[in-house]
Amino acid sequence: SESSGTGGKNTEAADGEIDIVWYPNESGSDMKSSRDEIGALITDATGQEVKHHLTTDYAIAIETLVNNNAELAFMGAQGYIEANNRNEAIKPLVVPTGSSGTLDDAVYYSWLAVNKDDQEDFKEAGEFSLDKIAEKKMSFVSNSSTSGFKVPSSGIISHFSDENLAETDLMEGGPLFSQVLFGNSHQGSAVNLLNGNADVAAFCDTCVENYVEIVEGEPNRPGSVYRVKDDAAEPFNTVTGKEFILISVTPVLNAPFVGNMDLLGEEGFKKLQDYFSADEVANNEKIFVPEDSGESALFFKTGDERFAPVEDKWFDPIRELSK
Amino acid sequence: MSLLQVKDLNKSYQTDTKVLKNINFSAGTGEFLSVIGPSGAGKSTLLRCINRLVQADKGEILFGGQDLLKLRKKELRAARTNIGMIFQHYNLVPRLTVIENVLHGRFGYKSTLQGVLGRFSEEEKERAFYLLEKLGIEAHAYKRCDQLSGGQQQRVGICRALIQNPKLILCDEPIASLDPHSSKVIMDHLKSISEEMGITCIVNLHQVEVAQSYSDRIIGLNNGSIVFDGSNFQLDQLYIKRVYGMETRELITV
Amino acid sequence: MDSVYLKRDKAGRINIKAGNRVNSVINWTVLSLTLLTVTAFLFFDYTGLEIGRAIMETAVNLRTMFLQPSLNHFSWGEALFQVGVTISLAVIATILGAVIAFFLALWSAVNLANKWVSKSIKIFVAFIRAVPTVLWVLIFAIAAGLGSEAAILGMLFHSIAYLVKAFSEAFEEVDKGMLEALRSTGSGWWHTIVHAVLPSTSTYLLSWTFLRFEINFSVAVAMGAAAGAGGIGFELFMASGFYFDLREVGFITYAILLVAIVLEVASTHLKKRYFSS
Amino acid sequence: MNEKAFKRRKLHSILFFLLIIGVAFISAYMTDFNLVEGMATIPTALIWMAENLIITTDTLAKLPKILEKLNETIFMSIAATTIAAAISLFLGIAGSTTTAVNGFFSTLARLIASFARNIPVVAWALILLLSFGQNSITGFLALFVGTVGFLTRAFIESIDEAGSSAYEALTATGATYFQVVGKAIIPQCLPQMISWILFMIETNIRSATLVGILTGTGIGYAFDLYYKMLDYQAVALITLLIVAAVIIIELASNHIRRVIL
Amino acid sequence: MSLLQVKDLNKSYQTDTKVLKNINFSAGTGEFLSVIGPSGAGKSTLLRCINRLVQADKGEILFGGQDLLKLRKKELRAARTNIGMIFQHYNLVPRLTVIENVLHGRFGYKSTLQGVLGRFSEEEKERAFYLLEKLGIEAHAYKRCDQLSGGQQQRVGICRALIQNPKLILCDEPIASLDPHSSKVIMDHLKSISEEMGITCIVNLHQVEVAQSYSDRIIGLNNGSIVFDGSNFQLDQLYIKRVYGMETRELITV
């Protein structure tokens, strides 16, 4: 059964249901088939019904898991770390890999982009320099986003290390930027840039790939230029044909499925991990949807993508960012 | 010549029931005329037809030679300045001061702008005070109307009507909400207005005895028709029965 | 000779205003609100605002939204179901709220209850009312887990606070004479409540409750959007915040507008029917 | 009414109650709501609040910034309410049965009010945010629309209530429409209207939280930021400040109301 | 022996002004007693002190041997069942039916639960109908009270008082809001209640003539003190002046 936020009980493990929480990004109805397929997988593994909880809010998703109100969640790396900080029993289960089928390329990319026409403003001696983003209007995704805030902001903070900035300083105009906007989604952040509300924007590659095409350079390289497709859907419909250029690209660890050890138990956790990482799942076209199918889904198959078990340690690079 | 002449007046609110049926009467200058009748007889409707707060269906209302029913909007405004009205529930603006309420009676003489800005001449204000004094409430001139007793409020209502310099005053049960003493004060004032200023007064009343002791003439209405029209001493038990549909001993008169 | 009561201003003209406290407070309030409004516009943060472009775009967006509504991410059936969920959230919060508020209001109406009990309830309720509903919902969502309970409890708190105020005012307006009449026959407190207070205020109670239901419906929409409480508000949030699909937003807005207007017409009708005495 | 009708009325009341209970059960089923479990979460919630919503001295360091946001919200609410009131005054006069010029304008005024009130604020926030960007004007406009809707309805009722009696009396003296409206209706209704305006300012500060979350302005924005960072101490501080602001304004407006009404 | 004896009754609302000053009088079984006096004299306060709707400051009210002022809550309820009260504004529950309103008079005899559930015995209902018939309004038994005329509502009020089986009925200006005919009907009923049923009636009245024509005895109050206590024919112009502080010709009596 599916519920958009409603219907969750104070679930203890004993109620014979597995509750799984989805982040807002995965809560759209076009992701429903993916969610249902994963639900079926969990039912196979545990013999229990699965109840999906859709959210509009990161904090609620995290707290639901932390307060033992759900067994499983699919959340960003940053969210996992928060959850793990608040409750030791929250552990990573599996992570979708890159096309190599290993954890090595289980990453996506966080971009800092500027409008192509303004690129000279951000160059020093012909090279892009982060120094030039000071005093500009900045757009992030949301302060709970890994690739849309956490990663770029920590990059910026370490770049301006002399100025002794804190994360909260980047959330509003003043210390570094003249103004800070939040697009509330990666698309929104990109649009903030393209319609001129912001001079620099942070967003991730996969989140806008449906709307833009590369026109210069290689994917995910600073200096590459992307153009909004002429038939791009909202919210890009007012900025079609506009071009932006990447000034900084940072890889970000893929989002994990995480489980609550207290509710699942060692054994249940292990069993789920095995089920998820099985070859059948990797070959299930409803979970890893072929890229050319034109369907929307959570995970796509371009090479050997699969779910791989993962340890808490793997997320240390993200932890480092906050330090 | 009579100041007001009502000819063949007819009125119905719903199409089926007639509230006023062929009303004919006239009132001379300075006359004090009472209208009595049981509840629902059409007393209020009659008064309100005269100054066209209610639209009559048929008939003529000649006032100073003009047929009021034929007047256009602007002419009607002008005609209404000559007709004051006094209400059972006073109909003042409770939050405003006494003097403001009295001056409201002058709007008919002003352009919209003058009125909205509240420009009143010194003579008008003096006249307002003169009237308040005459009715014995000048002490309350700067009080809000909702702080006055019923009788005092009714006197403000009378002042508002008088400042219009009307030729005719219509009173719809002016003392029905008042205690005996205040009632007497109000009736005495109305009487002196008609006698001293020569203003015609038409007064709806519930109390037969009051009507008899104050009026020059009484009109008895029953079910929309005039069933009595004569001087007060002509109104005997028989006519009272005709007006009210029951014997006097079944009424606590006064 | 002027009458002793006549007042003149400095220019020798006769005053007609009372110059009392009420008028000065009214004038003062209007003046300070105007000044504050002007100040507000001086202090506002206008970053990124291009008024001309913004208005043009708003017009375009409104046209897309209202003239080309369509459903892209879910079906009619689901839309209907989600509207039903939102209405249900509002129904439960309203009914529970009204029942609880009824009793609290009895004890907080000064003409029916002890002065101190009344005061305490009123202060307590004022506090709850001051906390925005969305905060209650978010707090319950975190503490009690995702689900209708959080949303409903959050809305319930506010509904109770609002209705206690409305109900107790209705009770306080009950004709004093009526209560006295019953008391003078030797009736007890509950007799008076059930047979005099309740019958004479029931239409008010109903109409306030209905009004709260209208409010709760729009709150339920907003909570679905802001706190993931589900229902059509959640779909609205996804359509606007994630898909930026104005056409779908338009469709959902029409659906909500339809329900809201039906509710409003129903409540005006109820009022006309029961209040025009 | 005879005895039968009397019995029928009693039956109607019973049916009405059964209907309400039925509707409640259907709704509970639709939303998967369980009253007992719901009530059981209240203590959990209270404990959670007691544990997490603590204001520490660390939090107080954020006070200046939060106060700045609160200030923006209060100004936003006041400006939105006052300007909405000016417009609602016209709509209210046009819409009230006592002062209506004609049926067309009356219906139009009521229709505008109804739309303004019922289009969900979420939708407005989106539209405005897309074109006006993330600034005070967006929040102001989002509050403004709903306020026009609400105040128009309230003003219509105030004018209707102030009654036709003075209107009638002034008409009878030969006063024009604008004289009557300007000198009798408005002075009479003004205190009632001011009372509604004050009420609306208070309400708007509360709804500014939601509007702020949706449009990224004012105190709601600050709330959202800290909430998403799971910084519940700051959330508690913000909540407390909102409560304080609302209560202060409520007390002030109660005071004004007591004098003028 | 007298049914009611009021001794040295004193009452003030604010500490400084006394509304009732050393009131002494008594009323016998079946007596019809009118209280007259100008507005603010304390007539209403006097009646309300008797059944303790208002708390007296000092004095004794002996009713059937008991001092009402000393009773505790429960005893007071029991005592009140013996004292009916009739109000100027009827004080019915307007939204309920006539018969329901009449039965409200029986709550004093019921436990909380019985009363809340609205359980009335068949005899009680029959008695209610009997009373409605006696006052000529049984046809309206199932109408809502707000659909009745003032006079009819007042008769419902009387029925409600009578169904208590009271020994004493207090009436606070029962006809002040009524038209002449209804006033007469009500006064006639009250008179017959005291004569036929032997119930003592104390009636506050504004109209001197009505008081004179109905009462066995009249009490004149002025400014909180009894200034007249005697039979109706003893009340002459002089006393009226003493009661009202002005001449009869300044009053619209009745």
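Each chain carries a letter (A, B, C, D and E) given by its place in the written order, and its residues are counted from 1.
In the analysis below, contacts are C-beta pairs under 8 Å (C-beta built on N, C-alpha and C of every residue); 3 or more make two chains touch, one makes a residue touch a chain.
Note that this is a predicted model, so its numbers are computed, not measured.
S.K.: Measuring centre to centre with C-alpha atoms, which chain is farthest from subunit B?
M.R.: That would be chain A.
S.K.: What are the two chains with the top count of C-beta contact pairs?
M.R.: By contact count, the leading interface is C-D.
S.K.: Report the inter-centroid distance (CA atoms only) between subunit C and subunit E in whole Å.
M.R.: Here subunit C and subunit E have centroids separated by 45 Å.
S.K.: For subunit B versus subunit E, what separation do you get between their C-alpha means, in angstrom?
M.R.: 37
S.K.: Would you kindly tell me how far, in whole Å, the mean C-alpha position of subunit B lies from that of subunit A?
M.R.: Going by mean C-alpha positions, subunit A sits 81 Å from subunit B.
S.K.: Listing for subunit D: what residues touch at least two other chains?
M.R.: 31-32, 34, 37, 41, 44, 48, 130, 133-134, 190-191, 227, in rising order.
S.K.: When you check subunit E against every other chain, which residues touch at least two of them?
M.R.: Counting only residues that touch two or more other chains, subunit E contributes none.
S.K.: List, in ascending order, every residue of subunit C touching at least 2 other chains.
M.R.: 22, 47-48, 57, 85, 89, 138, 142-145, 147-149, 225-226, 230, 237, 241, 244, 246
S.K.: Dump the list of chain pairs that touch, please.
M.R.: Result of the pairwise touch check is A-C, A-D, B-C, B-D, B-E, C-D, C-E, D-E.
S.K.: Going by the contact rule set out above, which residues of subunit C touch subunit D in the complex?
M.R.: 21-22, 25-26, 29-30, 33-34, 36-37, 39-41, 43-49, 53-58, 61-62, 65, 84-85, 87-89, 91-92, 95-96, 126-127, 129-135, 138-140, 142-145, 147-150, 152-153, 218, 221-222, 225-226, 230, 233, 236-237, 240-241, 244, 246, 249, 252-253, 256-257, 260-261, 264
S.K.: Under the definition above, what is the set of subunit A residues touching subunit D in their complex?
M.R.: Against subunit D, subunit A makes touches at 3, 6-7, 9-10, 57-59, 62-63, 67, 82, 86, 142-144, 171-172, 181-182, 184, 197, 235.
S.K.: Can you name the residues of subunit D that touch subunit E in the complex?
M.R.: Checking each residue of subunit D against subunit E gives 1-3, 5-6.
S.K.: In their shared complex, at which residues does subunit E touch subunit D?
M.R.: 97, 99, 142-144
S.K.: Along subunit C, where are the residues that touch subunit A in the complex?
M.R.: My answer: residues 47-48, 57, 60, 73-74, 78, 82, 85, 89, 138, 141-149, 151, 224-231, 234-235, 237-238, 241-246.
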